[in-house]
Amino acid sequence: FLFCSSSQQIQFADQKQEFNKRPSKIGRRSLSRSISQSSTDSYSSAASYTDSSDDETSPREKQQKNSKGNGDFCIKNIKQADFGRREIEIAEQEMPALMALRKRAQGEKPLAGAKIVGCTHITAQTAVLMETLSALGAQCRWAACNIYSTQNEVAAALAEGGEAHVFAWKGESEDDFWWCIDRCVNVEGWQPNMILDDGGDLTHWIYKKYPSMFKKIKGIVEESVTGVHRLYQLSKAGKLCVPAMNVNDSVTKQKFDNLYCCRESILDGLKRTTDVMFGGKQVVVCGYGEVGKGCCAALKAMGSIVYVTEIDPICALQACMDGFRLVKLNEVIRQVDIVITCTGNKNVVVRENLDRMKNGCIVCNMGHSNTEIDVASLRTPELTWERVRSQVDHVIWPDGKRIVLLAEGRLLNLSCSTVPTFVLSITATTQALALIELYNAPEGRYKQDVYLLPKKMDEYVASLHLPTFDAHLTELTDEQAKYLGLNKNGPFKPNYYR
Amino acid sequence: FLFCSSSQQIQFADQKQEFNKRPSKIGRRSLSRSISQSSTDSYSSAASYTDSSDDETSPREKQQKNSKGNGDFCIKNIKQADFGRREIEIAEQEMPALMALRKRAQGEKPLAGAKIVGCTHITAQTAVLMETLSALGAQCRWAACNIYSTQNEVAAALAEGGEAHVFAWKGESEDDFWWCIDRCVNVEGWQPNMILDDGGDLTHWIYKKYPSMFKKIKGIVEESVTGVHRLYQLSKAGKLCVPAMNVNDSVTKQKFDNLYCCRESILDGLKRTTDVMFGGKQVVVCGYGEVGKGCCAALKAMGSIVYVTEIDPICALQACMDGFRLVKLNEVIRQVDIVITCTGNKNVVVRENLDRMKNGCIVCNMGHSNTEIDVASLRTPELTWERVRSQVDHVIWPDGKRIVLLAEGRLLNLSCSTVPTFVLSITATTQALALIELYNAPEGRYKQDVYLLPKKMDEYVASLHLPTFDAHLTELTDEQAKYLGLNKNGPFKPNYYR
Amino acid sequence: FLFCSSSQQIQFADQKQEFNKRPSKIGRRSLSRSISQSSTDSYSSAASYTDSSDDETSPREKQQKNSKGNGDFCIKNIKQADFGRREIEIAEQEMPALMALRKRAQGEKPLAGAKIVGCTHITAQTAVLMETLSALGAQCRWAACNIYSTQNEVAAALAEGGEAHVFAWKGESEDDFWWCIDRCVNVEGWQPNMILDDGGDLTHWIYKKYPSMFKKIKGIVEESVTGVHRLYQLSKAGKLCVPAMNVNDSVTKQKFDNLYCCRESILDGLKRTTDVMFGGKQVVVCGYGEVGKGCCAALKAMGSIVYVTEIDPICALQACMDGFRLVKLNEVIRQVDIVITCTGNKNVVVRENLDRMKNGCIVCNMGHSNTEIDVASLRTPELTWERVRSQVDHVIWPDGKRIVLLAEGRLLNLSCSTVPTFVLSITATTQALALIELYNAPEGRYKQDVYLLPKKMDEYVASLHLPTFDAHLTELTDEQAKYLGLNKNGPFKPNYYR
Amino acid sequence: FLFCSSSQQIQFADQKQEFNKRPSKIGRRSLSRSISQSSTDSYSSAASYTDSSDDETSPREKQQKNSKGNGDFCIKNIKQADFGRREIEIAEQEMPALMALRKRAQGEKPLAGAKIVGCTHITAQTAVLMETLSALGAQCRWAACNIYSTQNEVAAALAEGGEAHVFAWKGESEDDFWWCIDRCVNVEGWQPNMILDDGGDLTHWIYKKYPSMFKKIKGIVEESVTGVHRLYQLSKAGKLCVPAMNVNDSVTKQKFDNLYCCRESILDGLKRTTDVMFGGKQVVVCGYGEVGKGCCAALKAMGSIVYVTEIDPICALQACMDGFRLVKLNEVIRQVDIVITCTGNKNVVVRENLDRMKNGCIVCNMGHSNTEIDVASLRTPELTWERVRSQVDHVIWPDGKRIVLLAEGRLLNLSCSTVPTFVLSITATTQALALIELYNAPEGRYKQDVYLLPKKMDEYVASLHLPTFDAHLTELTDEQAKYLGLNKNGPFKPNYYR
């Protein structure tokens, strides 16, 4: 298998190492509700299913069988299946597009023959995705892309249902993690022909261990920033063996994950951690991209006075026109009550800034990773750290000044808020459509490259979510379509339109 | 003691009975952060102080002494004092007005000689109030106005500090409740001359048991809707023995507790319980008073489509001008995703409405009590209740339709959100000023009646909170003051100005 | 006639003198569309009816008769009647409440026998009011309260219709002004029994010239701030001979004239005069009452950065919670692009401030009179004034700096914007109801004092305007009304509720 | 000259014909303040310079000379020069970017040797552009792109200044129009090497009459939608002889001309024409692109209830998330008070819709041309048209219903509002930079094709406008630039970023 040279394996190993160091590698865009501390905490009736059960035997060592006698899975506790099923059913109600897809495709089975191996968070929402793929004709085997994010009861429900072979539990060890992935692909008499990945670890494993498997694989669908980045690097290096679909950058997904979702999660994340009152507070938001726009709009609406910093003059001018004073961080750092980073950059807030903040200032990160705030610079002997709540640290200066640091500088919206199911629904639908497209594409439509979802499918994902809002789309008349030079069914905009 | 006729005692007894039935009697306006389930849950480091300790001995049966040997208090566990002190210190940082009051009054001690008996929630915020009263010269004895709302660690810190004699713990029995109140007033060699009440239970107890005590009492400061209502009834019946100050209806407090606080807590309460995405959701808000205005503004800003119902044509016209369609509930009940009541009325949402709601509709109450949604009508055999999270019930119709009922129809903002310390600061400052005013008022200024806080003191409370926002007030010139016919130091508006 | 002592006459004479000096005495609340320069200019088809006709004969010297031979009126040109009728018809469409009043009262004629003498602006909107009063049974004689504000074509239509005897034209002299008023009251065989006044000049004239006329007068309805102020002075001095209704301070009117109307007219006034782009502009608004709140909300929504100055700490705190930085004028005067006064105070912007403004700064007044900006201080030799457009002056400093002064410091919303007919409809309906109430009130309900419109009628005015918005009011059930202690038909709020 | 075949000439002739029929061909993007009726009307002091002067001699027949004896221009009246100069000076104050460009380029003269022939609106703002080009070293000859849009006094000032040779006046005939263009290009001893066009007429004329002139021409800068469309057609047909720069589609320009500008002009346009109150009005906006987004945001902020129609599911979903109900036009047509089109499509509002509107409904167009509302369908015998103001028609149905049609369906923002100078500044700066780029580009950088402005120059235009807002851009550190893989000076985003 040509493309998998040893040098590449080294590269992957490096990335792996980096992964261990970077808890936030997963990126903004692929985290599910279950990861939120406060959210899972609040399932009061779930007491009997807690992970702190006495049973400390590793799932790998247990004999497991569902009620039908099937044992091709590895999860924490099959007895939680009923509870998990209820969670899935609740999720189904908020994922109308996938349910519509199930119905529309009932006859034709567009994924008949597809053998999908997946590596994502295992949550109620991804369960709806898996069972949809199943309903469309696919066989699925699934591992978790994060050692903490698996909802055990959902994994149980999936195992019990028998539609997807799941290998995942909450609190896997590093070794467990790769073992689970391996169990998904290394099966006698079954070989995957589609990959659904979130972070690139599954793709990496196959590249490394079973490169010949790519001969049968029709395509990769990748969800995360990190994974997409890896794919582009492979492609650039001429080592990508199959077509890959970058669903991270589809319009719908971008707007929902960034602008619309952050508009809500900035408020939610700050409230849950600090109970701060927004009215009258002075806030500086670093970065006026989609995330920054969402944060600024929400805080302005709640009565905060918002300042913006930017490096790009076009975004800066937008901030001005939207009514925000554009400043350098140092101009306002002494007076603000809250500092929010959303730049995608590193060291946006450094020790010098932190030294100048006023007592009680809240500092948090809504950007893409944990690099924006130089948290390391706060690990010095003269500063005292005090954990006052989960995800909330007071960093105390010698003179008594306290800075309120949230989530240790990691993503606030993932650590301290929840991602609405509706947003996850858009992502999951996009993934499903990307799989269908790649699986059914005629020979030659896609080469060994990374592709964006065709505009028309992006529009289709959007249209599947309109009924949620009882929204009624207008159709072009023949005459109008001709006038505009468009097909009546779209696409309605050029590919680059945002 | 003349005014306490037997008929009145019966009346109080009735009210007491009513109290037992009405868990929400406390009213919107007097709840502190500590009551929020999710908030207290999130103190991860507080594990060692949890109330589920093995020690099940009643505090009443324990010998208690603080480190100075003082034992005139009754709390859960004096060992929690350090943790409680930290909580109080954090609260102090967000209650600048009380701290300013401490400083300004350091020399003069305007409450020297005051013996205040109080009955409020025992939280970090009220602790700041108590210790402020103490610093101003008062002696304090305190009980809790709610059997669940006491923060045990705060009570411990107060007991350890020795400034306030506290008789309260979380999870009192009904009998404990009255025992604690009695321990506050029934002391040898000490008789209160001021009452600070929240709900009227303390006042009621003194009326019933120690009516002669009123001879020395200079005044009552009452905080809650319910308590104020009782005082007006007493006054109307000619049975009020001393002046009383209604701090519930001061301008500052009303705006903050209602408009500004609810603008934030409606979002917080809905998110913490349901993770719902606001964008695009259709919402009906019943009632367009201050609370309704706050809810509508917040949801509109988050991208919801909001409908309003009203009975008052003036508020209705305001809703129109603010951009909300004014409808009858039945016109939109089938299509909305969220129903919010803020009317102060009863049976605003009845079974007939609930029957017509669509699957997944969220129903909650932001109004004054638990009467707005006819929850009782949902306790019928054909409907199944399912508790899915703390404060969240699914009520399931025979056809599978689920309604998401929050806090069983009680106040969402108290049950599922938190009240910012800043709001509580305004209330506590108002209480302190009302105590000072009544205690120092010259003979004859106040009669045996219920009074609103003088406009000028309301303005003073506001001015004490402006530094929080680094806000700079403009002063009238002599010429301007003359032109406007105003004193340069206020009051600046007539009493009725809102 | 007892109450009209000579000392009082002197007082009135003084006021008269003051009137001559103060072109803006009329106050914000009583100006109609026709006064707007730009609005009247835009009637392109009205060319044939322009006031700059060659006919310079004074109306007082002309023989006038309408098509029915009636000549008891005095206007500019009866030939404009058709054009004026169309204007009235257009206004009728936007004044649904008066039209509804006409219909409802068709049978009963609640003003049968009423002889109303009025002194208001003569515009299409007041014409609708007059003809409504007529339809309700009243006889009307009318003069203008402002020498410039009469729409000649509307006066013509009224004269032609014969329902109201009008004595008014655009461009009256001082002498004409009082002559017209006198013609309204000094009629053989006719004596008024009701007064509708706007500014108090008519009331003053009767007090001065025909005091005995008050014996038959049942009441005065007064519209303007100035007129109400005069009435309160009379009342305080014990010289008010009849009941008077202050319609200026009704809730509905206040909110509409101030908050809702100014929210729109600040934008309109600035655009029409300066074409300024709002996005990104820094603006300081002096005063955060209802007018200030409206201005701030509008400009914030358009992307301006708004600062607020206040003297009242309660309004100041509201500004903070609404997201505006509270500053002293001097802190921002160098950096702002626009300065807006809405205080009701004098000398809010003084020469020292103007000296420090940056080049191109726009200065305007939305408050109650022309005193807020010290325009007189700009009439010094070293400053050059340049009129660049109607209502727009550049004041030029020796160094070339230009300040853009709008409407010479008079009210921007009256001089450079228009008042929507809908707002005038609310005012006119309130006036009509006040007249009906005073005329039909049983002996003794009203004494020789100044009254606010009863809350219930205020609510009625609001309810008459709801159909415009297709707004549907909810009705209380009997049970709910009882629970709230309210009458099902209102009033729903205490009198002081705002 | 190869590319100018006869078939092409026919094509151009057709286009010309079309031009005559389409008064709005110029597109949204190239109209200046002077065209607004209300704006020019309001220059009260301009009385002596009105175009309705008695002098009816055609400028073409007059001997013209400026004070320096130069006569190479043709305008209305050189005596207006002083007044025009003041207008230009006012515009200069609001066009800081061009003034900055003049300063920066003072030494180097990047347009030295450039001979620019231009065809745009002749307004104070374009005068600032012309004189900037001059200051940068260019020689300029200029004609008007619209027979009505020339500000005569500005043309006079330019002629007097001598920097630009202008051939234009307000009210040219068709023949005058082409004569003026010809006078610009057909000069002895002078041949243009750059074209700045707005609409494509100048380019067309040279193609048709002087094709050989293209040999010396380095490039075309085209401003309008129509002109750009023509260039793309030429390019597609292989007939474009020189590089062309499409400045219409630069990011900055698009956002400002559409989103930010329309957010203000929709309010301004509606107010100036109808004085309508926005609060509580129901409005349907057809199309949720940038223009629709601006209109919706503004009206929502003013308290209107806004419905949206869309054909594109992605924009539709955005409308939902922004809080607008997505409907088909027919669902709300009976209830709305205002209908606004912003689709770029044709026949969006047709007779059937108009028949169903309610009495008094306002109909207007903010889209790209006059096709969106089928105005022709209203020209039927049973409907009466009544011109009530300039730009305002009442169309009256047999039953008396009136529809208020604005600007006869042409663009509201151009006909009834003004374009702020700040927006024109962005456009003009972009044009200047495009000319500099094309003129100085090394051989081969641009081929015979249509180009977008390079991202970096777009960012440069934005950065030149930031000082207007006292906005301070943050600079990347070396370390950050490396981390992001960006040059510290930009471009900061990929070309397709919007």
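For the reader, a short list of remarks on this structure follows.
Chains here go by letter, A, B, C and D, matching the order in which they are written, and residues are numbered from 1 within each.
Convention: a contact is a pair of C-beta atoms (placed from the backbone, for glycine too) under 8 Å apart; a residue touches a chain by one contact, two chains touch by 3 or more.
Everything quoted here is computed from the prediction, not taken from an experiment.
The chain pair B-D and the chain pair A-D differ in C-beta contact count, and the higher one is A-D. Although chain A and chain B carry the same sequence, what matters here is overlap: shared residue numbers make up over half of all numbers found at their interface. In whole angstrom, the spacing between the mean C-alpha positions of chain B and chain D is 59. Chain A and chain B have Cα centroids separated by 40 Å.
Centroids of chain A and chain D (each the mean of its C-alpha atoms) stand 43 Å apart. Among all residues of chain B, those that touch two or more other chains are 260, 279-280, 302-303, 320-321, 325, 469, 471. Across the complex, chain B is touched by residues 279-280, 300, 302-305, 320-325 of chain D. Listing the residues of chain A that touch chain B in their complex gives 33, 37-39, 41-45, 90, 93-94, 260-261, 263-264, 267-268, 271-273, 275-280, 282, 297-298, 301-303, 335, 359-360, 387-390, 417-418, 420-423, 468-471.
Residues 251-252, 255-256, 260, 309-314, 316-321, 325-329, 331, 344-348, 371, 458-460, 462-463, 465-466, 469, 471-477, 479-480, 483-484, 490, 492-493, 496-498 of chain C are the ones touching chain B in the complex.
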